[in-house]
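Following this message is one structure expressed as structure tokens.
Read from first to last, the chains carry the letters A, B and C; within each, the first residue is number 1.
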């Protein structure tokens, strides 16, 4: 699991985050929810090690984040961002190979290339593996980034190490096909000793894919739930400043939210 | 075309081109040497072949003037090529020159100080340096300018790339103004020295200078080879590189220092040569790959080849006089660069290279 | 003798080898391989050598040595401040002759390394030292009689003209601006006090309109305005760029000066005034004529580009 203990983040005199003490559930799809400016990105960046908190600690399992070297951290966790800008015409498979960089020294091994191939298979981009990255569509590019991230934390078939996948609004600019495809692929990892922590902006998609939910408001966690149904409507209404109505999906009975101002 | 070859085969091809251009450059000029003669002179020098007095002048010219010059040209080309690659990797921007961070301009200012004020008591401390005064001060100037640019663009320990570029432009302007002022107040012969040196020349090459530039190039180049992967990762952005285990701030600082050392030493020897650092990585990306593990060694080889060809041109165009190198690189480099820009505009929407 | 390159194997350099083959400088076919070969980098020394009649051993000159006209047949080893040792050596000189004003400094080192004898003969800053240069050249190149004769004539000429110009003492001295054109920097320059042109001017009875001493200054409209010259003397290249005195007066700042208004803008050849030589007496008279046209003394007409004085 990813444990956040007493974390605060200040910029000058402004408190962006804090205090936050919570734990993202292991082997589950954890979703951080909240309005703009609630501190979701900051929390994620602290959880991934990109930012150092002003106070508090982050632990992966029983290992404190601060104690991990950059390379060890890179072998343990991977982050898929909303958009990755790449202006140079690297081939798709070269981009995915970058995910293996933390794992090899001077030259890539056959195992590394094998993993790259399998990652590409998982996202369905094998036919385009030699194509230059900038020539792909937005959705295809994000698939390639997903493959790279998968390659980075690929668990060999024994799945002995616990890996962490962080998703920072990875589907914001994608159409519904790519959205679902990407999140389906992510959920696959849960079977292989992986914990996912994601920021998703679409509440319904979040409730569809997520297992545990953390509602952030004003830099603090105001509600935690281990089931979509346990997120009460009035909390949603207050935090997002909307009117929320829960509707039942006629096919499988799962909850759908309808919003209005 | 090159895309069909593997990296190793590409290096081999570039290596062959380098050998050919080296031999050609060593043989062509106001003095001509056939490869047979060159081998004979080398053999005589090594004591394997008996010396003859008829060879004396040719051998002397070849061994003391031509050979160090040809090697210096190749090393300079490699320095500029690798430096351009490093800079474009650090800035994630293809329109970056080794001189953009103020290095070349600072080196030129340092050297100009020696040319103009060298006899002045203000610079009396340089006298013990003798003939090394120019390279040492050029190096100090380049380093000072680069560090100033770095300081200006760093806040809270993080380097902002755009501020780095702007600060580089500002420091370049100040250094150029300084050099211009020095050449204005200088007496006539000194002023002209600066003008010609600023245009770049391999004419004054000697073994000591060539060995020094060569030594620093080899050290800096070997060091930079370790960071091919890191530069690749940096292409995705600083955050993504950090996620992959790279420390972007440290990478930028280390490679900036290595780049400065290499370029400053070279500039102090041969003056300011533009466009090579800009064009070499471009052409290699277009012809083969954007992978930095390839670009670094390839730009060293290709840069050396290009510079040999340019040096040949410099020597045969207005014999027995020589054209300054910087003029030729500008004449060739500017149109090539414009062509690259036009190509990019035609393929707008698919990135810089298409 | 220079060798012609054969490079069939070097595909990359074929085009350049062609260029190299086409660019063999000079015409040495008629030379005796054992005769001396001199490369001279100095306008002044070149002119003196031709004066002495010692020029037939010169095989190459520098870019700015253009007097007398015969010298243009020789190949140039480049601009004297941007020389290349290889270019000089390729002329196979038996001696490299210079007045010391050359660059880059390493060229001399390189010539020494290869064993080319270097002779530096400085002209000094006075007429006497220039005459000693002529004598020294005569001695070195075995034209002592010619040297003695030229120097004697020169001394006499100087004596005569300086006697003549004594009449200007106590008379009003016009303010004169001497304008030179720097081809390398592509800009006009004003010649300051203390050098050779200024001395010729003073002998001719004029004062330099620029007050400061030493070398040349970049010409600007402010400089011209402050100088307010009565007369402008421009060296040939700079004058020819405008073409006539009337057009020259259109240079920014000149029209407002007495020289511009009166049209007293004259042309003189650079080689006549930049250094002391046998033509200096004639040059002084020519300048005299420009400064004091109302007292046209016994000056030879049309002093521009006179051929060298008769050789013995």
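By definition in this document, contacts are C-beta pairs under 8 Å (C-beta built on N, C-alpha and C of every residue); 3 or more make two chains touch, one makes a residue touch a chain.
The structure displayed is predicted, hence computed values, not measured ones.
Taking A-B and B-C together, the chain pair joined by more C-beta contacts is B-C.
Averaging C-alpha coordinates per chain and comparing to subunit C, the farthest chain turns out to be A. For the pair subunit A and subunit C, the distance between C-alpha centroids works out to 79 Å.
Between the Cα centres of subunit A and subunit B there is a gap of 44 Å. Separation between the centroids of subunit B and subunit C, computed from CA atoms only, is 38 Å.
Counting partner chains per residue, subunit C shows two or more touched chains at no residue at all.
Contact of a single residue of subunit B with at least two other chains is seen at no position. Interface residues of subunit B, counted against subunit C in their complex, comprise 17, 20-21, 23-25, 27-32, 34-35, 56-57, 60-61, 64-66, 184, 187-189, 192-193, 195-197, 201, 203-204, 206, 309, 312-313, 315-322, 324. Residues 48, 50, 70-71, 73-75, 78-79, 81, 84-90, 94-95, 98-99, 101-102, 132, 134-135, 152 of subunit A touch subunit B in their complex.
On subunit B, the positions that touch subunit A within their shared complex are 92, 94, 229, 232-233, 235-237, 239-240, 242-247, 285, 289-291, 350-354. Within the complex, the subunit C residues that touch subunit B are 2-7, 9-13, 16-17, 19-20, 23-25, 60, 63, 75-79, 81-92, 101, 103-104, 106-107, 109-110, 113-115, 184-185, 214-216, 218.
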